[in-house]
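Notes follow the structure.
In order of appearance the chains are A, B, C, D, E, F, G, H, I and J, and numbering begins at 1 in each one.
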Amino acid sequence: MTRLDVTEKIIATKVSKGLRWADVAKKVGQSKEWTTALCLGQMTATAAQAKVLGKIFGLTAEEQKWLMVVPSKGSLPTAVPTDPLIYRFYELVSVYGSTFKALIHEEFGDGIMSAIDFKMDLQREPDPHGDRVNIVMSGKFLPYKAF
Amino acid sequence: MTRLDVTEKIIATKVSKGLRWADVAKKVGQSKEWTTALCLGQMTATAAQAKVLGKIFGLTAEEQKWLMVVPSKGSLPTAVPTDPLIYRFYELVSVYGSTFKALIHEEFGDGIMSAIDFKMDLQREPDPHGDRVNIVMSGKFLPYKAF
Amino acid sequence: MTRLDVTEKIIATKVSKGLRWADVAKKVGQSKEWTTALCLGQMTATAAQAKVLGKIFGLTAEEQKWLMVVPSKGSLPTAVPTDPLIYRFYELVSVYGSTFKALIHEEFGDGIMSAIDFKMDLQREPDPHGDRVNIVMSGKFLPYKAF
Amino acid sequence: MTRLDVTEKIIATKVSKGLRWADVAKKVGQSKEWTTALCLGQMTATAAQAKVLGKIFGLTAEEQKWLMVVPSKGSLPTAVPTDPLIYRFYELVSVYGSTFKALIHEEFGDGIMSAIDFKMDLQREPDPHGDRVNIVMSGKFLPYKAF
Amino acid sequence: MTRLDVTEKIIATKVSKGLRWADVAKKVGQSKEWTTALCLGQMTATAAQAKVLGKIFGLTAEEQKWLMVVPSKGSLPTAVPTDPLIYRFYELVSVYGSTFKALIHEEFGDGIMSAIDFKMDLQREPDPHGDRVNIVMSGKFLPYKAF
Amino acid sequence: MTRLDVTEKIIATKVSKGLRWADVAKKVGQSKEWTTALCLGQMTATAAQAKVLGKIFGLTAEEQKWLMVVPSKGSLPTAVPTDPLIYRFYELVSVYGSTFKALIHEEFGDGIMSAIDFKMDLQREPDPHGDRVNIVMSGKFLPYKAF
Amino acid sequence: MTRLDVTEKIIATKVSKGLRWADVAKKVGQSKEWTTALCLGQMTATAAQAKVLGKIFGLTAEEQKWLMVVPSKGSLPTAVPTDPLIYRFYELVSVYGSTFKALIHEEFGDGIMSAIDFKMDLQREPDPHGDRVNIVMSGKFLPYKAF
Amino acid sequence: MTRLDVTEKIIATKVSKGLRWADVAKKVGQSKEWTTALCLGQMTATAAQAKVLGKIFGLTAEEQKWLMVVPSKGSLPTAVPTDPLIYRFYELVSVYGSTFKALIHEEFGDGIMSAIDFKMDLQREPDPHGDRVNIVMSGKFLPYKAF
Amino acid sequence: MTRLDVTEKIIATKVSKGLRWADVAKKVGQSKEWTTALCLGQMTATAAQAKVLGKIFGLTAEEQKWLMVVPSKGSLPTAVPTDPLIYRFYELVSVYGSTFKALIHEEFGDGIMSAIDFKMDLQREPDPHGDRVNIVMSGKFLPYKAF
Amino acid sequence: MTRLDVTEKIIATKVSKGLRWADVAKKVGQSKEWTTALCLGQMTATAAQAKVLGKIFGLTAEEQKWLMVVPSKGSLPTAVPTDPLIYRFYELVSVYGSTFKALIHEEFGDGIMSAIDFKMDLQREPDPHGDRVNIVMSGKFLPYKAF
């Protein structure tokens, strides 16, 4: 058994039971963004969280233990994503990546925006010209320092 | 002469004159995010915008014309970025890409978040544990429809 | 169970029963182009469409549910396709891609032809020198705008 | 001197003179699609066509000769295109490629749609929900035969 | 079941029964070159041919049907082949590819040698310095035309 | 100066003087296939051949010396060729490679067809359905032996 | 002018003047590790540091300004390094990467060792069986947290 | 059975029994770094070590034998690692690789740091600003010599 | 069943029985180098050799037949090997490849060292500074000739 | 100026002066194998060796200094070599790599053959069936040890 097996079981159960990530998240007591990433094999659960998920998805004790093991992260099968929704995010990095770099350095100096001390919030923004996806990302700035 | 030559001249002039993207944007009359992308060869200027940039960066009439030509977009030299700041955004797509996909489909159904009808805002968020980079992205949802 | 399992079952059933995509599409009530893409794991069915396909291909209730889940899109096993028929389309992008770009920008300005708000029609065009494949593609133009 | 030098001169002249591909095509006496592909280094000119282009773009006799040499085709710098407009066509091959294959084989049997005995027409289609890009492709079907 | 399963069964049966491709081809009534390609999953059989192969290799009715479905072509697991015999052909394309291009264009103008309307014959050529492999390839020339 | 410089000078001179490879070959006294490969930087000239080519293409003494140096072979800029004419040969290796392997091993046992002790002849074959490209390849069979 | 030009000038001057990185670092007042990375185009100088380097390497005022611009980082020309010394470090990541991951997670939980808040010290360790390279790395642990 | 099967069994048993690598190492009598690498399929056990591991992880006699076979090393599924923790080490090679090279050559001359005659020690370094990961690497310097 | 299955069975049996390649080779009556390559799926056995191997490794009649089929050669899972021992040979090609080329051409003219009409011998060379691996390779020189 | 410039000058001078590597090596006082690798930019010269080469190839004092700088090694432009002579060595690694690994481990245990403490000798071996290239490689065995 591997974490991948647990992930696949979670996804299959979600389809057959018709669950929603937002509802799962409420029971877990975390945001829908972090909880979905956890269920998709990218984050690590506490014992309490694993128990809740075990109940929702019918996981055995051993499967719950796998949720508490730090997983091998990276959720895409190819270096350049083929799925159109995910590709658009890759395209944003390709087109605006140098802009991100220029503006963050202008504001903060040399360093990076952390992808670890990071959180995000994804919302529907109603708009008469067609609703919009609204994503707020917040990552700690980590400066390079001379040593 | 190509658009790349104009981009390189703009960057070199910015370094030697010590300009800031935020100030350039104010003169152009657009956001700092879009203006930086324009200067870095990813967007297309109007005649008026090209004239303003021409004045700031000392561009010839022909160089200004190149700013008005739709460029070949994509600002990264490799498929997987090597620069640590830009890589972190790629990592976010890698780790959270399946989460983006799951949550957007749960909220909107099949479709994508547009990377064209898209805008963003990048701000410093003061934080006692270390300031944070705050990015708000907003893209129109585009649904797949049966035909 | 994954969507891929459902796709493989549909294809295997089609071979053993000798079905035609055009006939499947008529029963589904959509074009043969969209219906084939749905059956090949690229599109998302409504409950009614899933039921019709379930009947045609002998799918269980759970398999029908998978047809209603937004799939991970991308139907090719390699970045550059090896199958000669599919490669010819890739070659058209390679040879005529810069032409597509030049002419669409000349007519519409900066932006793209949507691959989401998109439809197509594929027909046999009789020709005394050998019949031709006729494909009409129609995609909404999406303009980049300054922000 | 190589064909690439001639292509770059043509593009630079087009920018500085503010020409349109559609007007160039009228003078050449061919479609705007084929003429643009020729100017972008993908097709081969006759002596008469080279002379017309020479006049429009101020090409020397030797540069005109290069237009008459069969070029090394392929207009994209990477196997997976990075420019968003061109990528959308690649995405269509990725998402609909297996559908193209299934429907062409259903209609014609084993074989391909030629990318050589091929023509296309690209038009703006007015639409109250936003104008559309309309592309009609026509390629001869070439059957595999047993030998 | 997929075409690949049928191909693997054919190969395994050939090994255990000690059959020769040349003998299989005689029973199928086509050349050994085309028949081998068919058995290796690259070509499409008629009902009669599938029946003959079914008898030789002990294929079920469903397996025979798969031989009549147009396969996904491309018989190599990597873009650059690793098997030394097959690599030598790739090397010929690498070393002599520009020569093929130069001479075919000199003789025929712009266009290609078809890989669809194509046949070949492979023979042993006795030679006192060591026998030679003799391959005759014949492909229809397909000209690009202006449109 | 490198061999590549000499190759580019030969090609540019051929375009400006309007020479034909077949005529060059006659003066060199070798086949048009080998001579073209030599001129395109894939083969090594004798002093006498270098002198003849020097006269035809106006090469200096040093440039002639480069023709006599064994070159770094491989005439394609990418592992998978993008030019449609050259790609078709790659496609033949992809589709028929396993067939080449099966039939050569059936006839000769384990070994390869040499790409070094190799020659070829390329001819136009008139055909009422459209002329054909006819290529005869002959390579010595080299057997693997146990040691 | 780009940062790369400045880097190349620094390296060329170092060769012609016979300088040592350790001596350069003493004048800059930072470790030899950080100073070398700065000179090789990976770090960002303060005005004072740029002035010191300008004196050592004979840099113009504009070249000094480039040292103060945050560079595009990544000092290797290929994804898998070819130089044997650098490859050995890549091999350590390949062979011991999963061990690094297992032990850091065992000690710290889910998170990473920062490559930004990072320093290192490289020393010669005398050893009778052959001197050793001794590298001490120290990076802050950054924990993933649920949000 | 392959070494991979044994590795997977060890990992699965560790999860279900809740073991720690540091404790396993104590029983094996080697460092936690080397022991973890052994358990993850990168090193070779002696008969005594295999027996100890067999007891801890419930391995059969045959599984223990596999631990004594030199494995195919390389513990990462992709050339550029996707897991954020492992990627940071790859990034260190990318950003500091040329610095490693410059400083080792300055101190030792031409040669490499061995990745075979190599050991390391990984410790938690308490720090009021957040604990740090401390890694000490020691590899024998191997000089290139003229021959 | 495929040749790969037979190879895996041979390797697994060797581990469980504790056999040595050198002893297997003596029974087969060939060198240990060729025999190991045969057992690892790279060479082709005669009926007599297959019978001997069948006895040693407990192979069925069908498995023995697979040893007599010419295999798909190439024993490495990635284009650049990850295993440190095998990588060192790849590194030798990378570092000394141009030297091999220069010296062989200097001695023999244009051509190659055959990898088919090839044999090798691998021995331990005792050395007070540490024993050495000694490999003697011998390949027939194959000259390119004009045709 | 870079080491590459010096390498290119050496090669160009060798062609124009008609020098032989074996003669250069004699003057340098090292083997022809090591000397050629040095001249091709893979090894590092002493001051005395650089002076000798400077005289032979007409190198300036600065160019001689570059010969004494440890170079970035790796002499091939692509990961899989395209030149047929060099490819054959890559093919040997591909076909016999697992054999090298099996036999070296059988004789020495876990470890590698050093590519640094390495020497080789390349000779012509006269043979009535065609002369052979004879290469003797000798590399120190480096054992992995537990720590």
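In this section, contacts are C-beta pairs under 8 Å (C-beta built on N, C-alpha and C of every residue); 3 or more make two chains touch, one makes a residue touch a chain.
Each chain and its UniProt protein: A, B, C, D, E, F, G, H, I, J = Cyanate hydratase.
All of these numbers come straight from a predicted model, not from anything done at the bench.
The set of chains touching subunit H and also touching subunit J is given as G, I. Matching CA atoms, the turn from subunit B to subunit J amounts to 145°, rounded to the nearest 5. With centres set at the average Cα position, the gap from subunit C to subunit D is 23 Å. Measuring from the averaged C-alpha position of subunit A to that of subunit J gives a distance of 49 Å. Multi-chain contact residues, meaning those touching two or more other chains, occur in subunit B at positions 33, 72-74, 76, 79-80, 82-84, 91, 94-95, 101, 105, 111-112, 114-116, 142.
Shown are all chain pairs that touch, namely A-B, A-C, A-D, A-G, A-H, B-C, B-D, B-G, B-H, C-D, C-E, C-F, D-E, D-F, E-F, E-I, E-J, F-I, F-J, G-H, G-I, G-J, H-I, H-J, I-J.
Of all residues in subunit C, only 80, 82, 84, 87, 91, 94-95 touch subunit F in the complex they form. Interface residues of subunit A, counted against subunit C in their complex, comprise 8, 11-12, 15-16, 18, 78, 80, 82-84. Residues of subunit B touching subunit C in their complex: 30-31, 33-34, 38, 43-44, 49, 70, 72, 101, 105, 109-112, 114, 116-117, 119, 142-147.
Those residues of subunit J that touch subunit I in the shared complex are 20-22, 32-33, 36-37, 40, 42, 73-76, 79-81, 83-86, 88-108, 111-115, 118, 120, 122, 124-125, 127, 129-142. On the side of subunit F, the complex with subunit J involves touching residues 1-2, 62, 65-66, 69, 72-74, 76, 79, 115-116.
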